[in-house]
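Structures follow.
There are two complexes below, and they share chain A, which is joined by chain B in the first and by chain C in the second.
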Partner chain A sequence: MNRLRIWWSKLRHYAGAVWAENIKEWKLELTYKADFARGLIDPVVYLLPYLLYGVALVGGRSSENLQRLVGTSDIITFITLGYVFIGFLNMALWAMGFSLRKEQFYGTLESVFAAPVPRWVFTMGMSLHSILHQLLMIAVQIVFILAVFSIRINPLGLLPTLLVIALMLVALYGIGMFMASFTLIFKQGWLVSEALSSILMILTPIAYPLAVLPAFMQQAALFVPTTYGILTARHFLMGEKISFTLNDALLRLALLSLLWVAFGLLVFALIERQTRRAGTLSHY
Partner chain B sequence: MADSTHPNPGPPALLCDNVVKLFRRGRGLKKKVVRALDGASLTIPQGELFGLLGPNGAGKTTLVRCIATLLIPDSGTIRLFGHDVFTDSLFCRQRIGLLTSGERTLYWKLSARDNLRFFAALYGLHGRDRDRRIDYLLELLGLREVANERLERYSSGMKQKVSLARALLHDPDILLLDEPTLGLDPQFGRFIRQFIKEELNRKQGKTILLTTHYMDEADELCDRIAFINRGKIVATRTPAEFKREIPHKEILEVRCLGQPDTTGLKHLDGIEQVQADFRDGITTLRLVMPKAEKVLSEVIELLRPQVRLLGIDVKEPTLEDVFIYMTGTSLGADTKEEIQ
Partner chain C sequence: MPDRGIKTELRAIGAEFVKTMRIWFSYPIMLVFWAVFPLLWVLPYIFQGRALVGSGTSEAFRQLTGSGNYLAFVLIGAMISTFVFSALWGVGNSLREETYWGTMEYIIASPTHPLVILIGKTLAEWTWSTVMVLFQALIIALFFGVQFTLAKILPVLLLVILLMIGFYGFAIAFAGFTLLIKEVHGWVHTLEWIFFLFSPIRYPVQVNPITAAVSTLIPLTWALIAIRGIILLNRTEVNLYQTVLVLTLMDIVLLTAGYFLFIYLERKTRRDGTVGMH
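Then we have the complex of A and B:
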């Protein structure tokens, strides 16, 4: 009973720390109001060229070739649903590392790391803020696309989609931890993010079906969590054909999550320890 | 070995035993190893206000950062209330209140209250308990009126008060105060010193490790002081004991315009040490000797042809004199980059 109480108190403490980090990030973000407003427009601005390019190439909204490849012809909905996941991928590759970098820039990283919470709890708070931020961006995108292009999705597909996204986010947290580690050890950690981002953007079938990639890249794509997110989301929301069942997707994502989280935490712990040995934790 | 003078029962609040910290800088042929801590040992009993006095680069901040688990030493042991700070890190961090030197340890774009709310959550405080604690600390430190203003509008002294409030949020058992009055104007410096001594140590009974390179601050506040120089704890005594370290000695302080050659002074009979501090065109010479009046005329004779004398005084040894006497280094010196 006593042990249970200790665990409960610890859980409450850690959950409070995660939430506080999220709130603090929102408050800091909202102090730069013009930048925040620009950030709300960005997702729409970046999405539009994809859509217009697709429509121009196909010669309309409906593509027979797309229908043949994935079982659905609506290129606008296809790209919009895929594009949503770029944000999630960017969140993992950039947001957490950038948050740590900001703490170094503010000079607050050591004060935060001196607190009695494991350091991964703090990064989890950063991750929560990034996810909520991303959801806000998606909401803006969806409202815009609904208003201008009217996307057609199956509302019954929302529940399994959210389930897959939730699991995908766990795996992305692992990737985020891994990427954030580079921020601690290399002051130009963004180079790694840039390289990995380029590779994952090609492997993730955002604006094209997986089938157009060479066979070895299709295999490689199956190790990227967002691939499952995109394919299953499009499967349930607009009927894209996929080569695996929902259970397969969940199982593979669970495995990927386990691997990425374990790998991310391990690398983060090792590098964070190394920076405390080298005395470079707060170096900017 | 760590010294072992702690009158209180139970484990000491802090025990550092033979702590070594090396920093490796550069690569290849340019690689340097800086020995920041060279077997530092000290023991602080519960409830003591302990000062770590040394010049810039002596290793004070490095030791504090090791205790706070922000740095991992190359060897040695650090125990807090009997717990190893590295194997029992969360326990120790919960009992430490850390005030690091420098202003940029808070979020300047947030208000004092928002800063404290954020850090309170990291220290496990929630809801009404958290709000009551924050209100209490803001009141105690005279920040209540400005609590909702962004820190970027605060003066350095006010920011330091918020940092102090943050260090006290979780009512820690031990406070690590790293140069708490550095860069503050005299009024804020006085407030912080009084707050540390009267409120935190005397009234609340907290154990405090205070690092400083201000001799007066250490003398005024600390129950015991350790001299640290080039990463080593040179000696640990009470301020009074330290001053008795130069028995039957007097300090002849000479102020003069310009920079005199002190070689001749060093050879005068009876003079044991000569320290010269040149600032704004004025040199202050401090000569250690058994009896000042015996060499006074010779000192004047030597200096008069070189510089214009502004004043001569005979003084009791200060902590700084003792520090120089023991280490040969001034507290105002910068001893960084000691290469192994």
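Then we have the complex of A and C:
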């Protein structure tokens, strides 16, 4: 009973730290108001070149080849739904991965490491802020696309999609921890984030189905949580043909979540210990 | 700007050049990154092309650009945009980086004008991005079969130099902007994406009347259309004179505006006493 109380008190302590970190990030972000407003428009500007490139390729919004590959020809809806997920990927790779480097720039990294909470709590706070921010950006993106392009989705598909997104976020947290640990060694963390983000952007079937990737990339894509997120969401929202059921997708995502979180925490713990031993924490 | 003699200013530019290079070589992995990754970023466009048209050429694309080879189109866009984006990050964002390193106050307090420092950074950036683009051209020629002959390289080089002179003017003005608003990392990203949207780096802007109209104001559009004409369509003489004229005029405007804007913003920041603020 006593142990349960200690455990409960620790959990509340951690939850408080996660919330405090989230609030701190919002305060920092809202200090630069123009930058915050710009951040809301960004996702729309990101998406348009991909849509216009698609239109330039097929000469309209309908592709016969896409119809043959996935059972739907509407390239606008197909690409837009794919790109919504990129925000989540960026969240893990940039917001979380770069979080420790940012603290270093602010001169607060040593204070974070000396605080009486584990580092995963700190990154979880960062992650909570990023998820909330991401949801806000997706809302703006979808309103714009609905207004300009009239995308057609099946509203009944929203519930399973949200379920898949929730699981995907857990796996992405693991990737975020993994990225954050690399910042401790390489310091120039953006480079690691950019490299991994570039690779994952290729593997994840954002604006194309898995079938067009070379075989080795198709295999690698199965280890990326966003692959299941995008394919399942497009399946339920617009009828894309997929080679697995919802149960399969949830099972695989749950497994990937376990693996990525365990892997991310383990790598982070190892690298953190190594950095402390070597005394390079405050190095640039 | 105080008159300290051309030799002193040149020495300061040389010292800044060496300093910037030393910082880059402290992170050797960045060399590999910038040589390879801009080409990897176009892979999603190639796969998207395969998914939407099912082959390496597109008739709709040919009608817009004169060539149906969308693969070569995006690769050339990636190569040329490396110059532009390295200027945006390396020059435009450079004073903000000095703030992070804690060296901005020294630059402002030193008898060398910050503009001289920026010229040093610009030269370093130019050298760096030229090496990267040469690597990329080699990869494109070896693995993607795009041919670069001497007859093509010389006019392309002229266009790139004209493009970059104006763009460095813009980047210097942007560096002044960073002194004023401080947190510009996100703004650089937005600018990047505005270039992606309103110039034909990754898609032919003619596909939409709005992007087509706005793109004519961006030097990169003129340069890319002419460069692709030379490399993909073997048209060495096509509109080259017109493009050179337009780019030269844009250079004059951008360099002059960049210079005066930087001087104004730098003075304003000094007067407001906000140089050291984050």
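By our rule, the second predicted complex is superposed on the first by the 282 of 284 C-alpha atoms of A that agree within 3 Å, B and C clash if a C-alpha of one lies under 4 Å from a C-alpha of the other, contacts with A are read in each partner's own complex, and residues count from 1 in each chain.
Here is the rule we use: contacts are C-beta pairs under 8 Å (C-beta built on N, C-alpha and C of every residue); 3 or more make two chains touch, one makes a residue touch a chain.
Keep in mind the model is a prediction, meaning the values are calculated, not measured.
With the two structures aligned on chain A, chain B fits next to chain C without clashing. In the superposition on chain A, no contact is made by A:Leu146 with either chain B or chain C.
Judged by the touch definition given at the top, the superposed model places A:Ala17 against chain B, while chain C stays out of reach. Legend: residue contacts after superposition of the two complexes on their common chain; A:Arg276 is shown touching chain B, with no touch to chain C. After overlaying the two complexes on the shared chain, residue contacts for A:Lys27 are found with chain B alone; chain C is out of touch.
Once the two complexes are overlaid on the shared chain, A:Glu194 sits against chain C while remaining clear of chain B.
Here chain B and chain C are compared by how many residues of chain A each touches, and C touches more.
Contact with neither chain B nor chain C is seen for A:Leu255 once the two complexes are overlaid on the shared chain. Of the two partner chains placed by the overlay, only chain B lies in contact with A:Ala115; chain C stays clear of it. No C-alpha atom of chain B lies closer than 8 Å to any C-alpha atom of chain C in the overlay. By the touch criterion stated above, chain C contacts chain A in their complex at residues 27, 29-30, 33, 37, 40-41, 43-45, 47-54, 58-61, 63-64, 70, 100-101, 181-183, 186-187, 189-190, 193-194, 196-197, 202-205, 207-208, 211. Interface residues of chain B, counted against chain A in their complex, comprise 21, 23-24, 62, 65, 68-72, 90-91, 93-94, 96, 98, 100, 102, 104-110, 114, 117-124, 126, 150, 166, 170. If you check the complex, the residues on chain A that touch chain C are 32, 34-35, 38-39, 41-42, 45-46, 48-50, 52-60, 63, 65-66, 68-69, 75, 79, 105, 186, 188, 191, 194-195, 198-199, 201-202, 206-209, 211-213, 284.
Touching chain B in their complex are the following residues of chain A: 9, 12-13, 16-17, 19-21, 23-24, 27-28, 31, 106-108, 110-118, 122, 273, 276-279, 281-282.
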